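Notes to accompany the following structure.
As written, the chain order gives the labels A, B, C and D, with residue 1 at the start of each chain.
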């Protein structure tokens, strides 16, 4: 087993990986950029090195050099950044450092999404409908012709596998050009490649992934499925396991398909086979995510398997610690991604100091976060603050628990999407398990205050107003002073 | 006795408080002729970090804006309007009409001009930040009474971009 | 099911109970004394009422009145305070309010400890050796005679069942009188009754309790055992489940005995049957704890059963939600009680403001606490801050995880016993599962700093010293100013 | 250049720091002729709430006493002695010799008298607090140079009870 692992990532996923390393008695090396030196992933590591170049976590050469200098035998890439870069995996091999994730052959075979879809379809599995060609910057005319042939709605996606980003949906022909432009701009920024392809969109649908683990000795297990249909802007907001829409027979059928597809592509380490499910219960292969996914903890909660630990074991050449027969899926888990995005302000990401952080706890609650009280959240990264995951004996139990857990969460200092999560988990459709990929496109009605609650809050506001005025000026931080006094002075008479 | 007018969630209340009482533990106020007891955290905490208040035996987890323009509680964010009814001019002390930069970035486009009449939700500006273009919308209907930025200009967090009155 | 429950307790156990109530959709009423109004148990409840009288949580009449005024249908007493007061249970019944705990007949039958021992022994179970008589203030001569007859070491214990407090040990004859005086003083304060009895002490021994749940329909299940041998001053510091010293056969035998004893006393709701185990593996009944125990979460972690939920179900007249066949004990759990006691200062309890609180999290970690960043800890209660509980697939896994969890815990503002817990869980004897009731009597060697760590900390101290001197005086809070400047002025030349 | 002497865990170090450099991010110091880089939290946090420091690439979770008399890190509490070697008189700025009340309570007994020679760990006083009698022990060997309390006296938290020199 490795003695030391470098984590080529930051934030909550780096903390998540460091925790398992410590649980396994493995030392860790953390990386950070100047503005993020107070992040918990730095504080919890055994060693840490600052990234100096502007490429930061994309600076492959520097990161490999740090691994060698610190004596790390392996690199865990987390998700994003270097998680799916074949050239990085090759560079690791050349430097005799183990890459913790699917090996190069798997990564290369997943790199071109059209190839993957072709291969899966040729093996007899249903896939989404897709364009056989890819389209560059100058190919809008060809793309439009293909789009009109395929029919709408359509997704314009990067040809390179990745974080589900850069995809844009054209609900009808008139929106195709705008979607094409946006997709290409973002794909270029994210993947450094502008080629896109078309995929037919099923709407409403369910996005369901089956977690698969595999070692080098031919052992392959699945840990059940996760439903990740509740998305906003291609980012999953809430995930759960098992899916509330599948019946047991469908579920088992999908697991079997996932295992077969994983065997087909010779998947090793950890990966997720994702499917779209339509209204009739038919499911279609969408893509393979050859990495740890942000939402993996719901699977850990229902399976009691530490997925990161299995990743490390497999990368170290060991066998999986479990067989399929050992896996007992128990109860239900739900996960909410709390991020510093302001739902009242077009989901603008925020940055700055978290003044007060109180995370939910108690029975059945797990929190993965790199944030803490006083943490200075830098502006340049994904604004995720924490993932709140709960377990319950069944879905009803689990839903009440996530309602409770979110109600006990307190984050002061930054705008967050916490109230939006609360609206969702208290919505009758969510409670009934009745949602799909289009649910968050619909307006979610705001909380209606009862008169009694409104009165309570009015009393609170009035007392706080008086108390603020009574406070001696020297006790008021300058930013408050200027904020309030200036704004009241500035109001027109 | 201070008279404070508070509007939120479609309700309006007049709260009478005797500011002579201690404001660091138990406070008694009058609302619509009813006497209500509240329990507050000890003084010393900035108001935007208070965290909780107990009103009439019900504990509320709260986060309140330092300018009293909103309060997060009861599972949502509620826009507040607080007026000091005994101030010489009773204008709201909260409810800022200015549009501020929610994130540092660069103004890519200005979509309105001074004096334009706008609807709530209408795009005013495009702000590029974190590799994404973000439309800045009007928070309420009104007239663009101030436009503090031009296209290409860098803006810092909370910098005033425009004002709708 | 109840719609509203009053929690006649505070702190971490009140938070624990409120969480399950919320998970069940039941409203809660919290109680608090003025100095504790910011505690999390108040903040998380639906309603709260301040206790005005100096008897506080012992004020039975007021608490019942509050239950009636607020419309609470049941009272959960937690542990301590009113958890084992037969007269309170009777008063609840008279007021038509359900007491959540073993019913009056069980409580009365457990009230006199000598009676209990007699009954259990008569039924053919091994018990600790004990004195058949009780002793009052004036009975030292008789007590000494009985003690000399029984032999040492001996425990002098209150005749009334309770929190394991008030017990004092006389290792030999010369220490008997002092132990007698102390036991009587404390027993009077805690139980309002001075009668004590003698019990032979096995040393070293293991203190192991079997968690039992029972409903009114004759269903009785156990959830395995907990080892609570690591004690300081009769308070368990660290608990684990399963016990590291029992072999599977012993374990199952003890479970069976516990079930039989529970049936014998007609135990209902939740209770723990406690045994002492000697060096030869023989076990002896010690007592029945007819209430939720502080250390119950280790059992919840290995059994996936929410004990508080079962308590509430049973009290509401429902059946247990599980049968013995449903109970699957999986993996291993360890719990540490973090309290504001200063291990470098004779375990003096501290009070005041917790300036910074960062609790451990991530996979397999649960924290129960009423504290948070900025919480003003009152002086008049048990100084417990938090219970950190971890789960692992086996004991080795679990031990590494508790080491990790404690290492990531940060509590600033009060002295705590956290470093003592760290010493224990990193000690080779604990890692090997080789400990007993006398282990914490031995000196635990302090952490020896490596030269490199010492150098790092010296650098830290020097930088902090310079930085403090550079800080403008107005930025230094008054208490620091006076602390430092005065103390350096006051040092003799 | 400031010269700071630091003793802890049985080791003694001399740390040279140029106080002219910024102390809010990266700091370079000399220890035993070795140049070491440290990364510290931004200024604004009271020193007893700092929480972390990175020295030579190793992050340490720390809690340090505001009087610099101890540091909690590496899984334990370590007694510190910090001397400013360039101060006119080089006495420790930390290492308080006074015994303070660890909890408010009542002095039940005074077990030593002024001028007594005591050993480390020897009981000095009995303090009753929270219904328990607590013995207050000497923290180091020495002479009782001050005795500020008598039996029956109420004491507040951190009140000086005695001094051992």
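Everything that follows uses one rule, which is that contacts are C-beta pairs under 8 Å (C-beta built on N, C-alpha and C of every residue); 3 or more make two chains touch, one makes a residue touch a chain.
Source: prediction; values computed, not measured.
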Count of contact steps on the shortest path from subunit B to subunit D: 2
Any chain in contact with subunit A as well as subunit B: C
Centroid spacing, where centroids are CA-atom means, of subunit C and subunit D in whole angstrom: 32
Rounded Å distance between subunit B and subunit C, as computed from the means of their C-alpha atoms: 45
Distance from subunit C to subunit A - Cα centre to Cα centre, in angstrom: 39
Multi-partner residues of subunit D (at least 2 other chains): 51, 58, 61
For subunit C, residues that touch 2 or more chains besides their own: 44, 356, 358, 374, 407-408
Chains touching one another, given as label pairs in label order: A-B, A-C, A-D, B-C, C-D
Of subunit B, residues touching subunit C in the complex: 25, 39, 41-42, 45, 51-52, 54, 57-59, 61
Contact set on subunit B toward subunit A in their complex: 2, 4, 6, 8-11, 13, 15, 17, 19, 23, 27, 29, 31, 36, 38, 40, 43-44, 46-51, 53, 55-56, 58, 60-64, 66-68, 70-78, 80, 82, 84, 89, 91-93, 96-98, 102-104, 129-131, 134-137, 157, 165
Touching residues (chain side subunit A, partner subunit C) in the complex: 15-16, 19-20, 22-25, 44, 297, 300, 304, 306, 321, 330-331, 356-359, 361-369, 372-374, 392-393, 397, 400-401, 403-404, 407-408
Residues on subunit A engaged by subunit D in the complex (per definition of touch): 30, 34, 37-38, 42-50, 70, 374, 376
Footprint of subunit D on subunit C - complex, ascending: 186, 189, 342, 344-346, 348-352, 355-356, 358, 379-380, 407-408, 410, 412-413, 415, 419, 422-423, 426, 446-449, 451, 453-471, 476-477, 479-480, 483-484, 487-488, 490-493
